[in-house]
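Lettered A, B, C and D in written order, each chain numbered from 1.
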Amino acid sequence: MVRLGANQYGKAEVRVVHVSRGAGPEGSDLVRDWNVSSSLSGDLAAAHLTGDNSRVLPTDTQKNTVYGLAKKLGGIEPEAFALELAAHYTGGQEAISRARITIQEYPWIRVSGTGHSFTRSGQYTRTVTVIDDAGLGRSVVGGVGDLIVLNTAGSQFWGFARDEYTTLEDAYDRMLATVVSARWRFRQPDADWGAAFQAAKAALIEAFAQTESYSLQQTLYAMGSAIVTAVPQICEVRLALPNKHHFLVDLAPFGLANENEVYYAADRPYGLIEGTVLADDAPDAGIAWS
Amino acid sequence: MVRLGANQYGKAEVRVVHVSRGAGPEGSDLVRDWNVSSSLSGDLAAAHLTGDNSRVLPTDTQKNTVYGLAKKLGGIEPEAFALELAAHYTGGQEAISRARITIQEYPWIRVSGTGHSFTRSGQYTRTVTVIDDAGLGRSVVGGVGDLIVLNTAGSQFWGFARDEYTTLEDAYDRMLATVVSARWRFRQPDADWGAAFQAAKAALIEAFAQTESYSLQQTLYAMGSAIVTAVPQICEVRLALPNKHHFLVDLAPFGLANENEVYYAADRPYGLIEGTVLADDAPDAGIAWS
Amino acid sequence: MVRLGANQYGKAEVRVVHVSRGAGPEGSDLVRDWNVSSSLSGDLAAAHLTGDNSRVLPTDTQKNTVYGLAKKLGGIEPEAFALELAAHYTGGQEAISRARITIQEYPWIRVSGTGHSFTRSGQYTRTVTVIDDAGLGRSVVGGVGDLIVLNTAGSQFWGFARDEYTTLEDAYDRMLATVVSARWRFRQPDADWGAAFQAAKAALIEAFAQTESYSLQQTLYAMGSAIVTAVPQICEVRLALPNKHHFLVDLAPFGLANENEVYYAADRPYGLIEGTVLADDAPDAGIAWS
Amino acid sequence: MVRLGANQYGKAEVRVVHVSRGAGPEGSDLVRDWNVSSSLSGDLAAAHLTGDNSRVLPTDTQKNTVYGLAKKLGGIEPEAFALELAAHYTGGQEAISRARITIQEYPWIRVSGTGHSFTRSGQYTRTVTVIDDAGLGRSVVGGVGDLIVLNTAGSQFWGFARDEYTTLEDAYDRMLATVVSARWRFRQPDADWGAAFQAAKAALIEAFAQTESYSLQQTLYAMGSAIVTAVPQICEVRLALPNKHHFLVDLAPFGLANENEVYYAADRPYGLIEGTVLADDAPDAGIAWS
């Protein structure tokens, strides 16, 4: 005999672009470019077991809701939008006890001197995850992804453990590059979201640049610490940092010396360093990471 | 003040291909084509906090270990390989208390009548996740991914909840397509892995094909039930099923009727249905899904 | 002063799925799953120079036309569909003197014993390019893509040219893998398209499997020759074969011998071998490859 | 009987990163991050026909050559590097009569105030194609790719041709977005490459922003004209512009008005506008686009 366990359903990757006409500097337009996903859970056993859909709000409706709320709420911060969208479901659908909203925001840069022309930044993606649980409260996790950073100096890796499969040599001056994926938990579902994002991103990049690194683990800890220190509303940071290996090419067979000039940028495999940094007084995470 | 929380590190996406010479039918070669990732955790605070790497076995070593064990163990089942690789770390490195191994296996089909020529199947990917924790034991999760299935009939969706954003109409005969991502938890870290995989995959496809579906949720439950029922060594199945929408095209503006013939296959957004099916007597999952 | 040169416009990647109800074996459904692109050229200078769109049939209309013709023509072979779609434009729009149609077809496999359940093959993609020029006639190029093949033996590479950057050693027994992208030109815009495709694909795979290879160039020539020989309606084959390198891993540092068992499957860089094979009496290609 | 036609071979996607130590502003490092592909053609029939590789310089050697020349040439402009790399083959290998080199350059931005920390721009990719033919001379084509631009106003599309499949309505105020892929041909294989690239990119963006557009065709022509006018060394521009449709969402079913605020960003299908703009006195293109 079998039984149904945890389940959720929703609409993934609703691509919505909102333009706030004339709301930007010098009367320019403001653009919010989002990829929104919603996922609902609650008393949904009947749909699975008997085909009774009476408690299933269609995922098509969830798509429509993103567009409708985008109109009603205007070009607000993505964390604020996600909180409203989540509350719409937990407050409006009896069967739904939890809503999980994720947003990826793609930043655009206004073309200087124009009012309605933009280029996509491409430098990073801003991320948001909001969970609203009817019984357990609300959580907000912000973050940044797709941010590629590189240090051409100031990175070492030596004195590591060795076993019979170890051939790596000590490195006292290596390249260090990673694609930052960082997510930060807010203490409260209330903050100056835009300012917090900018401060966290700046602290992260500054820590990457300033850390004389003995390992990517150490750099990770420095990044997380910098964010928690710089933004008091943030109590926890989780980072996933692929080590985008840049190997010094051996040019000796061609009679050439390679004095830290020429590197091979490898694709796979890659190191993957994952870690968490918390404020000493961070409250329990509760549902935030579920 | 800040502190270090949970952390792990490893080598991701080690691409290893193993050939068992002459071990196949009619003296043909056997091919195992894997993408292996390992991630280790334990007493690794010093690396993060002080740059002391003395407990950090390099990710480069982890890469080497995959190749070394591939030689020593030969072309065994991926679940068995992952168990050995995990045990290598928890048994051999004092600082490491947990190892997490994932493998994606890409199936190849022998060209009929040949001994060493193959085409890549492309129909699915086989997946494995093994966790070996020094204190909490071992878990094995198998699975299948990238398996795209389609029912051209036998699917409905009606009688659903409605709100002010609902415009979807009842459907009594729709296309149903999904990319199956299923993961199944074994009761014990010991089974006839190859036979279990084939039986689970066959049960899943059969359930998809035979279910007169009132929702993708119902189909999900049928798939999970079929696996748990068909393979007694499996006690839990988790499925993530994107609803690959195939919308009937409105041909009326062109004076044409569309009698369930012409569909638009949409990319985004897509429904995403996630759920769990368990045996009534499934033991606690413990670390299996962490 | 500047002037307008060659130009074309169209709708790319129209995803259409056509179901022929009950037309398959044992009354099963037949599925055609296509990605169709159309591109038109002709007397379109005004649109570029003055913003006069009176000769521009919208790309939205081109999308609609794919769906409308899918209904009218039913589940025919993609080469036949592309010919009809192209003729629709060159015959119906005065300004349009040339239409270029490309189709990618994704094959599906019926689940045994069912009438309307399918799994996507994933083993290859079938491709078609048709050009219909009002003055220069019509051409049909078929092909196959995404077909990954591997020889675990029977491949060598030695006796090659050397210069000061050469470090590669002779190989007398290496792995050979490639992702086949082959396109074949038909002598006439008329053939038994389905049979020709199957025969060409079979000949290509057979040639790959049977050639004792001294280079991927030699294998390319064998593949092209096999197709031209097996399918008299085809007079020219163009192949692009990435050499998906599988490097033997050096296990000596771990005290292990690697007797052609353990390989590293590399991503980048890769060799890329491109070549053309023609029938001795192949007519001039004309517009076929433009 | 069959025969060999046109053929070429090479190494694709050699990922090389070059660091010029202390050569940047304030003694900072300079980074060149490239993806280099080389392809050679000439008297290579024997390799295809008889397995005689004596004229085949291995693709592995081509990889090595990229690294060796990166050392020898230092962090020069990619057009200059491609010219040197091409000449290395046509000048050094008797069998090779033509070399085709392509480079994609990924731009990095120095972290303000640091000497060796960078973030990847992500805003665009710089592209280069050089062909060096022993008999026909040399050509240089520069370009930009992956540059996403958006106009929130100033775009129209009306007065277009109509047929029985046309349902599109006139648009007098639409969003216009595209991913620019532009390639520009230089008159001579000699220019101030860096300045020309920056000037061409700036002209392109300015033209996109300033054109009151009646079609993407018109915008394409404006972009090409602006480049040819702004950079006299460039005599021809070829553009491929996907129309990244942003559809105004119909909010009427929810009782909401959509006053050009809320858009759905579609993936597929997309319009694809391709065109060429030339200087009146552009010399014949010769081999440049082959």
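Worth a mention:
By definition in this document, contacts are C-beta pairs under 8 Å (C-beta built on N, C-alpha and C of every residue); 3 or more make two chains touch, one makes a residue touch a chain.
Please read all numbers here as calculations on a predicted model, not as lab measurements.
Common neighbours of chain A and chain C under the contact definition above: B, D. Comparing chain pairs B-D and A-D by the number of C-beta pairs in contact, the larger count belongs to A-D.
Averaging C-alpha coordinates per chain places the centre of chain A 24 Å away from that of chain B. Inter-chain centre distance (chain B to chain D, centres taken as mean C-alpha positions): 38 Å.
Mean C-alpha positions place chain A and chain D at a centre distance of 30 Å. Under the contact definition stated at the top, the residues of chain B that touch 2 or more other chains are 15, 64, 68, 164-165, 167, 253-254, 267-268. Judged by the touch criterion defined above, the protein chains are all mutually in contact, each touching every other. Chain D meets chain A in the complex at residues 15-21, 29, 31, 33, 64, 67-68, 70-72, 74, 108-109, 111, 114-124, 146-154, 175, 205-206, 208-210, 246, 249, 251, 253-254, 256-267.
Residue ranges of chain B in contact with chain D, taken from their complex: 164-165, 167, 253-255, 267-268.
Contact residues of chain B toward chain A in the complex are 1-15, 37, 39, 44, 47-61, 63-65, 68, 92-93, 95, 157-168, 213-218, 220-221, 224-225, 228-229, 236, 238, 242-243, 268-280.
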